[in-house]
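Chains here go by letter, A, B, C, D and E, matching the order in which they are written, and residues are numbered from 1 within each.
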Amino acid sequence: MGFRLFPEQASTISFEVDHLLYFLLAVAIFFTVLIFCAIIFFSIRYRRRSDRELPHAVHGGLPLEIAWSVIPFGLTMVMFTWGASVFFKESRPPDNAMQIYVVAKQWMWKLQHIEGQREINELHIPVGRPVRLTMTSEDVIHSFFVPAFRTKQDVLPGRYTTTWFQAVKPGKYHLFCAEYCGTKHSGMIGWIYAMEPRDYEAWLSGGRAMGSLAENGEKLFDDLACGNCHKPDGSGRCPNLVGLYGKNVQLASGAVVKADEAYIRESILQPTAKIVAGYQPLMPTFQGLVTEEGVLQLVEYIKSLGEKPGVPEGSGVTPALNREVPNTQATRPSNATSTPRNR
Amino acid sequence: MASEVHVETLAVREQFDTASQQKNASTLGMWVFLITEIMFFGGMFLAYTAYRSWYPNVFGAASRTLNATIGAINTAVLLCSSYTMVLAVRAGQLGRRKTIMLFLVLTIILGFVFLGIKGYEWWEKFEEHHVPGASFHLEGTPLQGQAQLFFSLYFAMTGLHALHMVVGVGIMSYLLYQTYVGKYTAEYYTPIDVGGLYWHFVDIIWIYLFPLLYLIDRHGPKP
Amino acid sequence: MNASYGIKSWLFTKDHKRIALLYLATITFFFFIGGIFATLIRIELLTPKGDLVSSDTYNKLFTMHGVIMVFFFLIPSIPATLGNFFIPMMIGARDLAFPRINLLSWYLLVIGGLFAIFAMVAGGVDTGWTFYTPYSTSYSNTWVIATALGIFIAGFSSILTGLNFIVTVHTMRAPGMTWFRLPLMVWSNYATSLIQVLGTPVLAITMVLVFCERTFHIGIFDPALGGDPVLFQHLFWFYSHPAVYIMVLPGMGVISELISVYSRKAVFGYGFVAFSSVAIAVLGFLVWGHHLFVSGQSLYAGMVFSFLSYFVAIPSAIKVFNWTATLYKGSISFATPMLYAFGFIGLFTIGGLTGLFVAALGIDVHVTDTYFVIAHFHYIMVGGTLMAYLGGLHYWWPKITGRMYPEGWAKLSALIIFLGFNLTFFPQFILGYLGMPRRYHAYSDEFQVLHVLSTAGASVLAVGYLLPAIYFVWSLRYGQVAGANPWKATGLEWQTPSPPPPHNFEETPVVTHDAYDYSTTVGEVIEVG
Amino acid sequence: MSERTEHVDSVATYTIVWVSLLIATAVTSAVAFIDLGPFSVVVALAIAVLKMLLVALFFMHVRHSTKLTRLVVMGGLMWLGILITLSMADFITRGWIGVPGK
Amino acid sequence: MAENRDTHDEREVELPEIERPGVHHEEKDVNVWAVGKFAIALVLICIAALFLLFGLFRYFQAREAALQPPPRGGVNVDARRLPPSPRLQDAPILDLKQMRDAEDQILGSYGWVDRQGGIVRIPIDRAIDLLAQRGLPARPQAGPQSAAADVSVPTESGLGPKMMPPGGPLSSSGLK
C-alpha cells in the first residue's frame, strides 16, 4: 500500500459512488472558482482610491435573487436524487448474495461463513459474487468500513444490520472500524481478501484439493441424505437419479419435460412443483438448507451420474452456470455406477 | 434630563422606557422560557412515543398497574391549583394584597397536596417492585426489559414534572413574601402574572402526562 | 466603561458591555485550552503509530478538544461577546432587556466550564464530543457525568442569552428602528437566538437522560432492555445540528457588516440576506438525521433528511452571492477586517459545498466518520466563524477599547492564518476520501504524508492565532487612539464615543435612515460607480 | 401621561373554565375504560388538547394577548411537532426494504 | 367588599402609564401574520415532502427488484441458513450467565447423581459444613484427602469430574 491520492475502486458500487463524487466536485469547483474569482476581481477593480469615495447604492433585483436561488436548488435536487439512488443500491443486497455473519466486539471483528469457516479481522470473499453481511455487536456501536468498496454500515448491539458488496478484482483491502468504540478503536482494523473464485473455493475447503463441483455435490448428496431415498439401484419409493440428466421425464400430470439443470434445481428446491409419474410427493424441499453453490454442486453431481467416463455432457461451461464456476470437465464420481436408469 | 433617565423603579427598570414596555418584555420573556420548557420535556415525550409505538402491549400492561383514580384526583388537584393561581393573578391586577396572598397560599397548599399524592404513588410503586433496578419485576410478561422501560419513563417524566412543581412552589412562596411586604400594586404585579404563567404551564404538562401514562390501554387487551 | 473600578464592579455588573468583556476573557481562555488539545492531537498524528500518548489519552484529547471548542468557545463566542456588546447599541437601547439574567448567563458558562475543567483535570472524558451510547452510558469509565453536567449548565447559559436577545430585539428598538432598518448583525443574532432557545433544551434533557442511564441503568438507550442507541443520536443531533448554525449565523452577521463597511455600500439584497438568516435557523431544525445516515436509521428517514438538508443550503447560497454582489461597484478597502471577511466567504464556500457532498446519501456512506467530515466542519467553523470572529474583533476593537490595533501585524496574521488553515485542513479532505477514519490514534502508513502536511499547517495556524493575542493586548496600552468612527461606518454604535459610556446613549437616537446609508458618514464625498 | 388598559376577566369566567376542566378530566378518565381501538389514543389526546387550550387561552390569558405571544406559543408546539414527527419517521419505517438495519 | 361587585363582570382597568422622560422606543413589531403564513407553508411543504419521498422510495424499490438477476431455473435459492455450530456469539455475556446459573443450580441443590449407586449431591455450603465437622483423616492415605475422594471438588473451570453431568452443566435439569 503506497501513498495514493485516490482510493482503489474494488467493488461494483465504487464506480457509482465515484461518479457522484465527480459531479459534486465539478459543482463545488465551479462555484468555488466563481466566488473566488469574483471576489478577487471585484476587490481589485473597485478598490478604494480615496477615503472620500461614496459608491452609489446598487439595488438588488428580484430576478437575480430568484435566479441564484433556483439554479442552486435545481443542482441540489440532482445531488439528492442521484445520492439517494446510489444509496438505495448500496442498501439493498441482491437476492442471490452469499451470506456472511459478523459479530463485532471491542476491539475485533469476528466473521463466519455459511460453510462454517470463522475468521478474525479478516474476510475472504470471491470476486464477482455479491456478498451480504449480517452484523451485530456484542457491546457498543462499531462500524464496518471498507474504503475500497465504498461501503460502511454501523454495527449495533441488540440488533442486526446489513451491508453488501461485490468485489470486482482480487486484492487485499483495508477494513476499518469507523465508529468510535473505546480504547482500541484505531486497532479494530483488518483486511478483506478478494480472491478469484477458484482460490476462494480452495480457501474455503481448507486448502485441500478442492475437487470439482460434482465431487462436492457428491459430498453434499451424502450430507443431505439424498441417498436414503434415491438409491442408486432405483429401488424404493424414489426415482433413480442415475442417467436422469437429459432424459425426458413423465410427470404425474401427463406432461413430459426434459430433465435439464433447471428441472433438477427445481426438484431440489420445489419438489412438489413437478411430481414424477408413479411416485408420491414425498420429497421434502431443501429450500433454506442448501446454498446457491450447494444447488450447483448437486446439479453437477446428478449430471455426472450415469455419464460414461471421459465424455462430458456438452462442451465446457453450460449456460445455466455462471462464469465463476471452475471447469466442469467430468470426473468420475467415486461411487457412481453406469447402470442405466430403469423406468 | 440625564439624571432622571437613570432612576429606577420596580415597574420601570433602567433599561426600559415605560411600564408597558417592561411588562411586555417580561411577559414575552416568560413565554419564550416556557417554550424552552416545552422542548425540554419534549425529548422525553419523544422517547415515550417511540417506545410506546414499539412495545404497545407491554406498555399497556405496565400502565394498567398505575392507579388511574389517584392520577385523576391528582389532575383535579392541579387544575384547582391553576384556578386559585389565576385568581391570585386577577387579584394582582386589581391590586388587592390580601386576596393575592389568600390565593397564593391556597395554590401552595394544593401544590403540596399534589406532591404528597405523587410521593405516595411512588412509594406504592416501590412496594410493588415496579421501580427500575435490580429488584424490578412486573407480573404477567416475560418482557421485563420493556416493562422496566415504561417505568423508567414514568419516573423520569413524573419526576421532572415534580421537580418543576417544587420550583413552582418555591416561586409561589417568594411571591407570597413579596406580596406580604407590599411590593406589588395594580401598576406592577408582573411577577405574579409571570409566575402564574409558569404554574399554568406545569399544569399543562401534567394534562398531557396523565392520559399518556395512566390511561393508555386502560381497558385492557381483548379477552 | 471605565465608570467604576474594582473586581466587584465587574463581577456584579449589569452593563452588557462589561459582561461582553467578561465573556471575551472566558472564551479566549477556553479557545487556548481547546487549541492546546488540537496541537497535541496533530503532533500525535505526525506518525502512524500511536507513540506520543496512549490510546486512552488520545481519545480523551479529541473528546475534550471537541467539547471545549464547541460548547465553551464557539457557541458563546460571537453572540456573547460582540453580540452582547453591540446589539443593544445597534438598536439604540441602553442595555439588554434582562441585564441580570445576562450576568447570570456568564456565571453559568463559567460554572459549566469549571465542571468541564474538573473532568479534564481529574482524568478526562473519552466518549467523543457526541457521547454516543451505549459506550458513554455503559462502557466508558471516564468523567462522563461531570462533563455532561458542565455541558448542561453551559446550555442554560446559551438559552438565557438567546432569550435575552429575542426579547430585546422585539421590545427595545429605538424609535424609527423598524425591523427592516436593523443592521444584519442584529438579524443574524436574532436568528441565532431562536435556535438557542428552541434547540438547547433538547440537549439539556439528553444530558439528563445520559446521566440517568449511566447512574440508574434505566434502559432508555440500552438494547438489552429494549432501548435504542439510535434514540440517543436523534435527541443529540436534534440540538447539535442547529447548534452548528448557532456557530455560523453570528459569523455571517459580522461578515454582512464588514462587507458593507469596507465596500462602503449597502449589502446587496438586504431583505434577502435578512430572511435567509431566519430561514437557515428554521430549516436547520429539519435536517438532523443527516448525521445518522449509516447509524441504523431507516432508509426512508435517510431520504427525508437528505432531501431537507439540501433545502437548508439554499439560504446560505443566497447570502454568499449577495455578499459577493455587494463588492460590485463598491469602494473596497483592504483593511484587516475585510481580509478576514474575504477569507470567510471563500472558506465558508468550500466548507459549505463539501456539506453538500456529505448530504448526498451515496457519498456519505463512504465519507462519514472519516476525515472528510472533519475537514468539512473545520472549514466552516474555523475557516468560517473563527475568521469572522477575528474580523469582527478587529473591526470593533477601536469602539470597544478606544485604541487601534497595529494594521501591519494584523494583516500579516490574517495571511498566516489563511495559509496555515488551508494547509492544515485541505489535505484532510483527501485523507477522508481515501478512507482515513476519524478518532484514530494510530493509522495505516499510507496516510502519513497527508497527516504531516496537516500538522505542518496546524503549527503555522497556531502562530497565526498567537499573534493577535499578543498585539491586541499590546494595543490596549500602546495602540493608536481611535475616534468615534474610524471606519466611517453606519450603525448606531458608531455614534457613541469610543469606548461607549455606561448607558450607551445620552438621548435615545431616532432612526430615519435605512441600515447602510453611507451618505451619512462619509463627510466630503467623491461619487463613484 | 398616557394610559394603558388591562383586561380583567371575571371570576365567573374563570370558574366556568375550571369546572369545564374538571369535567373534561372526568370524561377522559371514564372514556379510557371503553375500548375504542385505535381511537382511544385519539380521543384521549383530543381531550388533553382541549384542556390545554382552556388553560392557555383563559388562565394564561392568551385570549387577550398580543399576536406575537400567540405566535410564540404556536411556534413552540410546532417545534415539538417537528421533533416527534421526523424522529418517528425513522422509528416506524425501519425494515421497509426487508433488510435488517435499514 | 368590593369583591362582591366585580365577581361577575369582565372589565378593563385603566392605569396610568409610567414613563421615563426623554426616552422612547419603537412600537411596531414583526408582522406576525406574515410569519404565520410562512410557518404554515413550511408545514405543508414538509408534509408534501414526506409523501413525495415515499413515492420515490417505492420507485427505487421497484427498480431494484426489477434489476435482480432472474433466479436460474425459475426458482430462487433462499440461502439464509445459519452456519454450523459452534456459531458466533453475539452476546457471550448472556451465555456465560446462563452457564453460571446452571452451575449454581447444580451446586446449590440436592439431587441424585447415581441412584443405583446411592450417590447424591448436596449443596456446597452444606458440604463445606459437613467436611468441616467431620474433618479430614489425620493420616494421609494413598492420595491426598481420600475421604474426599468420592467428592468432586468444583473449580473455576468446571464442576469436577463426578459432579459434571455429561454434556456440560447446561445439559441437565431442562435448561437449554
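Please note the rule applied: contacts are C-beta pairs under 8 Å (C-beta built on N, C-alpha and C of every residue); 3 or more make two chains touch, one makes a residue touch a chain.
Remember, predicted model here, so these are calculated numbers, not experimental data.
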item: Centroid-based (C-alpha) most distant chain relative to chain B; value: A
item: Dominant interface by contact count, named by its two chains; value: A-C
item: From chain E, the most remote chain by mean C-alpha position; value: C
item: Centre-of-Cα separation between chain E and chain C, whole angstrom; value: 39
item: Mean-CA-position distance for chain D and chain A (Å); value: 51
item: Where chain A and chain E are represented by their mean Cα positions, the distance between them in whole Å; value: 32
item: Cα-centroid distance, chain A relative to chain B, in whole angstrom; value: 56
item: Multi-chain contact sites of chain E, meaning residues that touch two or more partners; value: 6, 13, 15-17, 19, 22-25, 29-30, 50, 56-57, 61
item: Junction residues of chain A, two or more chains touched; value: 84-85, 88, 91-92, 153, 156, 159, 161
item: Overlap residues in chain D, where contacts from two or more other chains coincide; value: 4, 6, 8-9, 11, 66, 68, 75-76, 79, 83, 87, 89, 91, 96-97, 101-102
item: Touch relationships between chains, expressed as pairs; value: A-C, A-D, A-E, B-C, B-D, B-E, C-D, C-E, D-E
item: Contact footprint of chain E on chain B as seen in their complex; value: 1, 4-5, 9, 11-12, 16-21, 93-94, 96, 99, 186-187
item: Chain C partner contacts - residues on chain E that touch it in the complex; value: 22-26, 28-30, 42, 46, 49-50, 53-54, 56-57
item: Complex contacts: residues of chain D adjacent to chain C; value: 68, 75-76, 79, 82-83, 86-87, 89-91, 93-97, 101-102
item: Touching residues on chain D, where the partner in the complex is chain E; value: 1-13, 66-68, 70-71, 74-75, 78, 89, 96-97
item: Touching residues on chain A, where the partner in the complex is chain C; value: 1-7, 16-17, 20-21, 24, 27-28, 31-32, 35-36, 38-39, 42-44, 46-48, 50-58, 60, 64-65, 68-69, 72-73, 76-77, 79-80, 82-88, 90-91, 106, 139-141, 143, 145, 147-148, 150-154, 156-159, 161, 174, 176-187, 189
